[in-house]
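Before we start, here is the structure in question, set down as structure tokens.
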Amino acid sequence: MLFPLNVTDAQTRRWGKILVGPVSLHLTGAGATVIIGPNGSGKTTLLHLLHGTARLHAGTIAWQVPMAEARAVQSFVFQRPVMLRRSVVDNIAYPLVIRGIRKSEARAQAHDWVKRIGLDEMADRPATSLSGGEQQKLALARAFITAPQVVFLDEPCAALDGRATAEIEAILQEQMAQGTRLILSTHDMGQARRLADEVVFLRAGQVHETGPATPFFSAPQTDAAHAFLNGDIVE
Amino acid sequence: MRQVLFVIALLWATATQAQDSLRLAVTTSFHNSGLADVLLPEIQADLGLEVQLLIVGTGQALRLGEAGDVDAILVHSRAAEEAFVAQGYGTHRREIMYNDFVFIGPMNDPAGISDATDAADTLQRIATVDAPFVSRGDESGTHNKELALWQAAGLDPDNFGDWYRAVGAGMGAALNTASGMNAYVLSDRASWLNFANKGDLALLFAGDPVLFNQYAYLPVNPDLHSHVKSDLAARLEDWLTSPHAAELINSYMIDGEALFVFNAEDVS
Amino acid sequence: MVDLWDGLTQAFWLVITLDRELAEIALRSLYVTLTALVIACLIAFPLAAFLAVRRFRFRRLIIAILNALMGLPPVVVGLIVYVLLSRSGPFGVLGLLFTPTAMIIAQIIIIVPLIASIAHQSLRDLWQEYHDLLISMNVSQGQKMRTLIWDARRALLTASLAGFGRGIGEVGAIMIVGGNIDNVTRVLTTAIALETGKGAFALALALGFVLIALTIAVNLMIHWLGQTEREGRW
């Protein structure tokens, strides 16, 4: 098991400027943690730190296994999905193929996912020819096909319309129900309310307030969180 | 079944071909004469020997022989050949045949060399009127011959003006240049007769005995290079000096003109 | 102008009558250059991919050298290979000088830097695109290189065509290491040089036109092979 995850005074800098930190967090092994906060508050960097793909300059991030092993059972979905220059089905099969699974077997599993995300008619089309919403659904399928324990999502619906957002949230709910742990950032407070079990409110690279979702949304403890939820501009 | 036999025969043929092949470095002028196209099939028929020709300048031919990259050389530059044998790179030097050098120039002949008495007079006339002259300039046998002729005429090309053009190229390229510039040029007769791009050029002077061009055959020394096929080189030498070769060489003609005179001496 | 026209008609008749000697020379040209091309690609593609995904100390230097070597004069390559393969040279015992193998070796040296440089540029761009995803997926170095090479295969095809063009039209190096021996190492370009030397411009031009036609045919065929893949978008 990966959890609990203990983050102690984690800090990362770029060109001498602190991007995130010091941050301390304690995450347990169920549901969805939603990271919210204004632009530039460090949401993306924090996700990368937890995934081990951003450089940690100070503090510790301790999963219950070494970081490399932890990353092997995690997936990451980017705000702007990266499409391999291959067909839809080969994109989804890719994580299985690099894990050494036979190509025919990997493609068979990928085809199941292609159907689940409703892209079966486009299975053999180049992934780059898909629309934004379709590309993000593909990225989700590619993230989930390895049955990861944790999936990080960096504003997965940032550029999408309502219908695509609903489809993606449906997939996320379904995966959560099967026990996949989600850690995602979002700008969309509606989405945060719909998905979150736990909220981390970041401000200027630091955790300003954190706690279970229901009390956070009904009665935030800090003025800044209150203002942010009201839609006021928070620096 | 017949096809299988055919394939086997073909493989066998190529295998034996690969076995009995000999590399001979020859000069461009020899190759341009077209004589090789007559001799090689006959050698193949008589000896079952495939002669692979490397067509290079005399200088490079000698270098190939020194390095052991060919089995024998056939060139025409006596002093260099004798040095080659003296330094031990070749076993011996065997004269095979000769042809001659000729002076080529523009048809209107501004230097009037068609009335010249001998080769030295020809060159003096050209130098007097500063008529354009193309030199091979590549240290080939022909180039060395040209330099020797200038010296015999009491002239030094180092002191010449713009009219003396050293092109640093083979006989064909030098003839092409002369044709383009309407210049005088010294050529071996064979290259000239076979040259297709004559333009306004014509043969203006020939016949002085100093213009004779002796070809010699030099087998590469197997003591220096053990891989050299000296037995095949010896068989080729026997053939080249045989009466059959003599007949082929003496009867080879271009435009009704004989090109070569066989003059190998029987050593046995 | 007369020569050009003569060359065209002569080329036409040589091809129509399937002149045996011409066919042999043309096939030898293809054999030498295509063999060199395949081996050069096997060297250049992984090298380009390695330079794209791996950060190490002399990376920039190697890329700069590769770019510089793109303009390597073939004559120099020919001379170096000649000295190495000569009976008096370090690899003389192999007896490779004046064989098609020697010509292939020279051409590999000439076209590897060209293919590797062009390939590196497209692989580097693709790597920027893929970087975050592949790092997140814990992909090994070898898998990164294979993924890049496979996904950039169209760009790599263009790179290899550039290499083919440089190889098939090259005369300086193969003249020196091949020796232009009739029936053994004579190819289209060396035959053209030989006929030009004889002043036989029409025949030389005819061979030149055959060379051009052959190059176009090979290019079209490789493009067509690329197009037959189901998707035309990459």
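In this document, chain identifiers A, B and C correspond to the written order of the chains, with residue numbering beginning at 1 in each.
The definition used in the following text is that contacts are C-beta pairs under 8 Å (C-beta built on N, C-alpha and C of every residue); 3 or more make two chains touch, one makes a residue touch a chain.
In UniProt terms, the chains line up like this: A = Tungstate transport system ATP-binding protein; B = Tungstate transport system substrate-binding protein; C = Tungstate transport system permease protein.
As the structure is a prediction and not an experimental result, all values here were calculated from the model.
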Check: Which chain maximises the distance between its CA centroid and that of chain B?
Finding: A
Notebook entry, point to check: Nearest chain to the global Cα centroid?
Noted result: C
Checklist line | Rounded Å distance between chain A and chain C, as computed from the means of their C-alpha atoms | finding: 47
Notebook entry, point to check: Rounded to the nearest whole Å, what is the centre-to-centre distance of chain A and chain B, using the mean of the C-alpha atoms as each centre?
Noted result: 81
Check: Where the centres are mean C-alpha positions, what is the separation of chain B from chain C, in Å?
Finding: 34
Item checked: chain C-facing residues of chain B, complex -> 23, 28, 32, 50, 52-56, 66-69, 170-173, 175-176, 179, 194-198, 225, 227
Checklist line | Touching residues on chain C, where the partner in the complex is chain B | finding: 86-89, 92, 95, 97-98, 179-184, 194, 196-202
Next item on the list: Would you tell me which residues of chain C are touching chain A in their complex?
Entry: 126, 129-130, 132-133, 135-140, 143, 147, 151-152, 230-231, 233-234
Next item on the list: Spell out the part of chain A that touches chain C in their complex, as residue ranges.
Entry: 51, 53, 68, 71-72, 75-76, 78, 82, 84-87, 94-95, 98, 124-126, 128-129
